[in-house]
Amino acid sequence: MLESSEVEFVLEAHDGLSAKIVEEAGFKGIWASGLAMSAALGVRDNNEASWTQVLEKLEFMSDATSIPIMVDADTGYGNFNNVRRLVQKLEQRGIAAMCIEDKLFPKTNSFIGEQQPLADVAEFAGKIRAAKDTQSDPEFCVVARVEALIAGWGIDEAMRRAEAYREAGADAILMHSKQAAADQILEFMGEWGDRLPVVIVPTMYPFTPTSVFEDAGISLVIWANHMLRASIGAMQHTAAAIHAARSLASVENEIVSVKEIFRLQNAGELKEAETRYLP
Amino acid sequence: MLESSEVEFVLEAHDGLSAKIVEEAGFKGIWASGLAMSAALGVRDNNEASWTQVLEKLEFMSDATSIPIMVDADTGYGNFNNVRRLVQKLEQRGIAAMCIEDKLFPKTNSFIGEQQPLADVAEFAGKIRAAKDTQSDPEFCVVARVEALIAGWGIDEAMRRAEAYREAGADAILMHSKQAAADQILEFMGEWGDRLPVVIVPTMYPFTPTSVFEDAGISLVIWANHMLRASIGAMQHTAAAIHAARSLASVENEIVSVKEIFRLQNAGELKEAETRYLP
Amino acid sequence: MLESSEVEFVLEAHDGLSAKIVEEAGFKGIWASGLAMSAALGVRDNNEASWTQVLEKLEFMSDATSIPIMVDADTGYGNFNNVRRLVQKLEQRGIAAMCIEDKLFPKTNSFIGEQQPLADVAEFAGKIRAAKDTQSDPEFCVVARVEALIAGWGIDEAMRRAEAYREAGADAILMHSKQAAADQILEFMGEWGDRLPVVIVPTMYPFTPTSVFEDAGISLVIWANHMLRASIGAMQHTAAAIHAARSLASVENEIVSVKEIFRLQNAGELKEAETRYLP
Amino acid sequence: MLESSEVEFVLEAHDGLSAKIVEEAGFKGIWASGLAMSAALGVRDNNEASWTQVLEKLEFMSDATSIPIMVDADTGYGNFNNVRRLVQKLEQRGIAAMCIEDKLFPKTNSFIGEQQPLADVAEFAGKIRAAKDTQSDPEFCVVARVEALIAGWGIDEAMRRAEAYREAGADAILMHSKQAAADQILEFMGEWGDRLPVVIVPTMYPFTPTSVFEDAGISLVIWANHMLRASIGAMQHTAAAIHAARSLASVENEIVSVKEIFRLQNAGELKEAETRYLP
């Protein structure tokens, strides 16, 4: 997908169920969002869940789907050695790609606060090299996420970091911005050209037309947290309605059936298998 | 809640986030549904997830909330000895109550198939006694779920089992039915009287007015899977809309904001704590 | 190893460290013993640890070694469907073979008590077929452990079961006995011939010369719990000595050095990697 | 134990089994060593295992014993916020005390290399304050481990750090040294006096008589890795002997019996419980 000649899209998922829904909707790939996964667990996006708790979530997501999953692996959960171990475990669980960002562990969500400190460029480049040297499947992708723009360090610093990460072996650059328009990203694309595929996350500029991204040569667009946001609103609405009415009557026809849960769980396959394997 | 003079309600949750939403909606308790938790993980409601994977989900739910959680613990995941270990671990994680059902391990969801075999009454009563002998907090509740009606064994068998489980020390009886009306339940209540509190799960009879349950003397009503069903529909809708439009524009104003995620994660507390604990 | 023309040997391990020691000693394979793994965890050999807790142990053992690991998977932790899921997870973690036994879940160690009930033959054969249909690597082996002798059902029942499991697709038969001599096993071998490789566990007949096993045509001998038993005695002795002396002086030269721990952990590789990946 | 008028001792354990053996030997407390736990898992002492994997080990150790466990919690696995979460989870699992050290995450074992960088004093003091503010049981202890001596920064820096950690609320100071004699420690004790209890780890000075520690006013001595070292030697010897002899005969009478495993697992209690709870 990173090398596709067209712009491609991946949608966020945060558990096995949402991952399966993303696949059924026709998407070619899944974004395992750190924010969404932590929020679903009920903790903060500050490495409150351990990396193996995240890994277990990813394993369920991978088992429930057949399309590639790119994981938002924060800073890699430590130094280059933690990244090496992570890559082995991600490959083992069938994860196709990993995005790591040049911040410090434990991380803070990029949209919280200003001027978050960044990782040393050489140290972060070492992580990328370690990841690429560790992977056993040549198709596994390492995406380097540059936080220079979002942290307020400007376009020159973003360029310097992106180039260093390219030289270290990154398969793509994720350039992040929290401006309400895509100007920063477009400025970066103008300077960057086609050195490596570029990935973006338009959470803060959702109204920029996709054609703008296409024209700028963006390779991959991540819709980063919209499944979670859809589910929150729906659950808040349903919980409030049931509580107010002290009854299911008002929501029963608004929500999917119990059978739809069984279908998503593939209950039919088990029923069929029972005829084969039970006496 | 089981001993309240009024009918009480608990709503399903399947992870830390949905549990928090149930609490914020004003409910006094949470039903940690086996069906919903397994579906969220992306597996079937047949003990495909191990009991410790379920336990980890419960821990996140307990950590994210302050109201009592009753867990749908299937058959107790084995025999009386597994139940003893389970009770210790549930209490340790702050879970207030456990419901176990008189079926065989590995279980099948009660709404799938007909005439599922039931557990031996004496063996199941032994599980209840073991659970009650094991708990260290006298407030911990063990609810015995009777599957006789749903499995087609009739009212007499349901009465016989409920009475045996009461004698074994159960704190309440959950009488399950999959008829489209509450007739079976009401018949049972007529015979049972007030020997022990009774819990029901009106998933298949959602349009029965709650006043009917109140008049019959039901103690607790479980709205068993509605948060999950709300979230599935919303995610399917949002995924389809984004995929069709190749853009976020159409969904951005339909879903909650990123800030609402941060609020649910209690990001503000961390920001405040940083001023206290960071140099 | 099962198809080798000579008798082969595997030695028990119960964690990453003991597995590595087995490999370094020259063994060609490792027996991940259910008894030893549960004992090391501090729980009983009755499925008190969940199957995913066992799986995590296996993952560490597999990561720490490069020789094949055969796991003692008890009854498969449920029915055929749990076995299917288990096989997927074992293959994913790099486990080479699985042994399942024809007892009931939750299991009791075979050396405890008499006349333990056995699984229905057809039900157990279904588990074997499910396992073989599920494996993706053709090299993965499923060994069927027959408990008929140890449970006191005699040689005819043992033969009937072994044959049924062979027909179901088992790659080898593990014939278990708790007699203090190998007579039962030899009698079985006389009747069985070379229909399938046979595996034995001479824990209760440790003084039978290996040449007897070779002459009888045994394919694989499992030394099933000796690493754990060696470590228990040594730890009891060392703990007692330190406690009595209130000092390390008496034990310091009896035990391995701290450097030997570092060597077993491969600390040298990290030091070397740091020169490559750290600035 | 920290406030005892005599010098007290705790011995290392690395899993449920070794913890139980430490308790049976008569020790009043257990040291859950980071080095020993990681080595037993088969990984390095550099935070290769996640903090929740360590937590699971601790839970098994706590469940298997009834004496206090002090955990070697490295740097606290992140910043003050990770420490807060850790304290909650340790208390929940019944761990009595936590020792954190003033190094950087991911950590390196103190005996490897020279001049390891240390944590900022104010940042580390913030961790201690966060831990003390978080604990719900007033008995939970936070021990601050000072790495200044071992990292070569001298006695003044050690004093400065110990005092800062005392002011931040630490319940005791662990002063670590890797010299082959106790001189550094004794010098520190001379300057420190009795401001707070002091804990030592005489791994590198095992021949210093305990009376020296007593005279110096040391409160607690940690025998930090001797159970693991005892077990490694025994397992290496046993594996080699079995491999050479292709037989158990030579080791059978050197190692403990299978019955001793069952005794350590408390198999008898289950047998007795079966008579109570099974039909």
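Chains: A, B, C and D, in written order; residue numbering restarts at 1 for each.
Assume a residue touches a chain if its C-beta (ideal position, glycine included) is under 8 Å from a C-beta of that chain, and two chains touch if they have at least 3 such contacts.
Predicted model only: the values in this text are computed from it and were never measured.
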Partner chains shared by chain B and chain D (touch criterion as defined above): A, C
Higher-contact pair (C-beta pairs counted), A-C versus B-C: A-C
Whole-Å gap separating chain C and chain D, where each centre is the average of the chain's CA atoms: 30
Cα-centroid distance, chain B relative to chain C, in whole angstrom: 38
Chain A and chain C, separation of their C-alpha mean positions in angstrom: 39
Chain D: positions in contact with at least two other chains: 46, 53, 63, 79, 81, 270
Contact set on chain D toward chain A in their complex: 46-48, 50-53, 77-79, 81-82, 85, 105-106
Of all residues in chain B, those that touch chain A in their complex: 9, 11, 15-22, 24-27, 35-36, 38-46, 53, 56, 60-61, 63-65, 109, 111-113, 202-203, 206-207, 209-210, 223, 225-240, 242-243, 246-249, 251-252, 254-258, 260-262, 264-267, 270-271
Chain C-touching residues of chain A, taken from the complex the two chains share: 63, 79-81, 84, 88, 92-94, 120, 122-123, 126-127, 129-130, 270, 273-274, 276-279
